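A short write-up of the structure that comes next.
Per-chain numbering from 1; labels A, B, C and D assigned in written order.
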Amino acid sequence: MSKLTSTQIAWRAAQDIADGAYVNLGIGFPEMVAKFQPPGRQAIFHTENGILGFGEAPAAGSEDWDLINAGKKAVTIKPGTAFFHHADSFAMVRGGHLDVAILGAYEVAETGDLANWSTGPKGVPAVGGAMDLVHGAKRVAVITDHVTKDGKPKLVKTCTLPLTGVGCVTRVYTSLAVVDVQDGRFVLREKLAALSFDELQSMTGATLYIDGDVADLTVPEL
Amino acid sequence: MSKLTSTQIAWRAAQDIADGAYVNLGIGFPEMVAKFQPPGRQAIFHTENGILGFGEAPAAGSEDWDLINAGKKAVTIKPGTAFFHHADSFAMVRGGHLDVAILGAYEVAETGDLANWSTGPKGVPAVGGAMDLVHGAKRVAVITDHVTKDGKPKLVKTCTLPLTGVGCVTRVYTSLAVVDVQDGRFVLREKLAALSFDELQSMTGATLYIDGDVADLTVPEL
Amino acid sequence: MDKTLPDLAAAVAGIEDGMTVMIGGFGGSGAPIELVHALIDRFLATGHPKNLTVVNNNAGNGHVGLAALIEQGMVAKLICSFPRSADPRVFTDAYLAGKIELELVPQGTLAERIRAGGAGIPAFYTPTSFGTDLAKGKPVEEFEGRAYVQERWLKADYALVKADRGDTLGNLTYRMAARNFGPLMCMAARTAIVQVSALVEPGSIDPETVVTPGIFVQGIVQVANPAQEEDLNRANARYPEDAA
Amino acid sequence: MDKTLPDLAAAVAGIEDGMTVMIGGFGGSGAPIELVHALIDRFLATGHPKNLTVVNNNAGNGHVGLAALIEQGMVAKLICSFPRSADPRVFTDAYLAGKIELELVPQGTLAERIRAGGAGIPAFYTPTSFGTDLAKGKPVEEFEGRAYVQERWLKADYALVKADRGDTLGNLTYRMAARNFGPLMCMAARTAIVQVSALVEPGSIDPETVVTPGIFVQGIVQVANPAQEEDLNRANARYPEDAA
């Protein structure tokens, strides 16, 4: 059975972003979501380091290193961009002004708890804006492979890794399914057509509930 | 015995303002202090409604009502003026960034308590920025007649009117004297030469202490 | 994504009975006179909205703007720092007659409470008002040897704000000291409605000079030559005009 | 009233052993490289300052700027949100060897703590970090049915900040996302020292576009063509150069 690529997961997540939505994409993999805005829709992207409404990456060699995103990658301005300082930036985050934040995850619990900043006490801990982003955005979505590289479930009953936030995730887009977090339960919304419910459940660390239709998770070749 | 006029009290207070000091003048009588900056010194005036470094009143008829001070009087800009919003403005106040605030008073207690916003439960209460200004400025000075219109002391042991702030006043410029508030006591620094210490004490509602020289309070005709 | 509203009536159409409405301005500077008068027009035509809680630094002046809103009996409660003005009769009479409730807040605390509402900070500590009547009933805590009062955030259903230039995404600049509470109220309101002197296309405002980023603005309407409250009062204006 | 400092050495001359120093920048954008290198020069010449507590969003990159400051052993403690970068070896080695203390703070909480320090707010409540390891030992309070963590202000003896234009009164503008923590750190430091690309006379900056009003700035020094940390790292630069 072929699972979705990271690019395809990002594509799927992008389909749920409304025209005009204010969106923060976590650094790394989630940044890919910006590429797949459906035709006719234009989200406005926020980055923690003080830009709203920035544009795509510039051509290599034409970067301006005062114009970067939270992942320290060069971006561009476009009509309607605004600059502001860090306290105003996180007022946008914490104050509930973002429509969607899309983040990566190590683990998501059925309660909506998220672990995505620390793999334990070894090494140098680093949190950045993750703990702020999980609070405030109207929807906090996660994009992730359904299981770890070792095949262990990432959707779990209780997170074992240090938490980023309690009860904060509302939807998870995985390589196999789209799952909502609702009243402390995982509710399956979409799954790959080739995958049976039981197969999916066996790769999930907590009970998957069904509430209404389960659609086929379909994405283009990318 | 001739006491100082309001104008002369304002003049005296102005002599203690250093070159480059950031100063907030309470609305009304304290606004007069700005006129008497000693030659060679230039204070930078702050107004609660979001201007730093504003200039004098414009000529009558050329007012711009978007360019007013906290007393709603028209002012002007000059080189180096900055505009900002109300939260930033009170960050300047509360955050200890002002060098001096000069306010009027109904009563000042020997503990530094100030009452200057309410004469009691009758009528409509109004506080404005007074309660913020008494905290944060490095020096909170009061300019006032030494006694009320009825001849009652305004420098008292304990305020009888509703407080603006506790232990906040550091110096009082009156129509008769200059008095510091120091360790819960009034310490006399200057008095009118024609006035004996006992006369001054009799018009003061708390003990006046002497700690070092008492200078003559001398001001020009204005 | 275009936040432009067709007219002033549309701009104030969503404000319902009992809502909390922040109104920008410090005295007359920054007062969104046309938005407030549009709200009065709606009330005169429909009887709504009423029982409003209004947040403003002051309590109106003369018989226009906020004073006119109070004069119509639309305001049940006012949260402000300084309910005095050159001509405060409308508020004073209503207050002394027990027709309007007043929550008096020190000006810096008012500004910070509004910012806190916009920034997702439910409470903070300030030295302001410690030991005074305005701190009564509020928690007090000591930090580093000094006592502070706990204050709570202030949010609103609507904000009515006057800016200078605005683009269709809601990015705003203000004019001099008319900025005052505008940027904070845009942050703290679920729906911030802004009247601008000039409505421009995105890209017309230098990104470095945007004061209110568009994320804080939900609706924008152009009022090309807005009235200045002070000028109206110097001309003894009333709203509506036939109320004289 | 002129806050201009004669040179970089004078700009950092007042920083003493054990002080808390906020250093602006988010990664390389806004990093005041020249001020930091001047501080290193002083340390190499005099052995001071050392045992600094540094506040920055990150922990340096490569072997220039903040990384070089850490590499010299001048930093006893770092307060930051994200001690990772393209080349974080200097901090990582020092940290794993127990040579530097780390206080990890969520980025928005870091920004708000610094603003609180500048605004005279000793403590505030935030939802950020509730229920996580980073909230351990901090007071928790419930407001309107939701739990919040109490965070404290952060102040500094000095701030070293990079701005774009500055006038001799200290009014500043920044360049794009290099703004980040600069305006906040200027507010929170007893002495804010700013390097500007262009030092101009009062009146040269439009009062509407001032980002940091001069009241928050104590010293200003011109560095006409400031280095960009990212460029230095792409060229494998080190500071001091002979340290290679």
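Note that contacts are C-beta pairs under 8 Å (C-beta built on N, C-alpha and C of every residue); 3 or more make two chains touch, one makes a residue touch a chain.
These are the chains along with the protein names UniProt gives them: A, B = 3-oxoadipate CoA-transferase beta subunit; C, D = 3-oxoadipate CoA-transferase, alpha subunit.
For clarity, every value in this text was computed on a predicted model and none was experimentally measured.
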{"item": "Of A-C and A-D, whichever chain pair has more C-beta contact pairs", "value": "A-D"}
{"item": "Separation of chain C from chain D, taking each centre as the mean of its C-alpha atoms, in whole Å", "value": "35"}
{"item": "Computed distance of Cα centres, chain D from chain A, in Å", "value": "30"}
{"item": "CA centroid of chain A to CA centroid of chain B, Å", "value": "55"}
{"item": "Interface hub residues of chain D, defined as touching at least two other chains", "value": "112, 115, 119-121, 126-127, 174-176, 207-208"}
{"item": "Junction residues of chain B - those touching two or more other chains", "value": "77, 83-84, 87, 90, 93-94, 135-136"}
{"item": "Chain-to-chain touches, reported pairwise for every pair that qualifies", "value": "A-C, A-D, B-C, B-D, C-D"}
{"item": "Residues of chain C that touch chain D when the two form their complex", "value": "112, 116, 119-127, 141, 143-144, 146, 148, 152, 173-176, 206-209"}
{"item": "Chain A contact footprint on chain D (complex, rising order)", "value": "26-30, 57, 81-86, 88, 91-92, 95-96, 102, 104-112, 114-115, 126-134, 174-184, 211, 228-231"}
{"item": "Contacting residues of chain A [partner chain C, same complex]", "value": "19-20, 22, 42, 44, 46, 52-53, 77-84, 87-88, 90-98, 135-136"}
{"item": "Chain B contact footprint on chain D (complex, rising order)", "value": "1, 115, 117-121, 167, 169, 171, 187, 201-203, 207-208, 210, 213-216"}
{"item": "Parts of chain A lying in touch with chain D, wherever the complex brings them together", "value": "47-51, 64-68, 72, 77, 83-87, 89-90, 93-94, 113, 118, 123-132, 135-136, 162-166"}
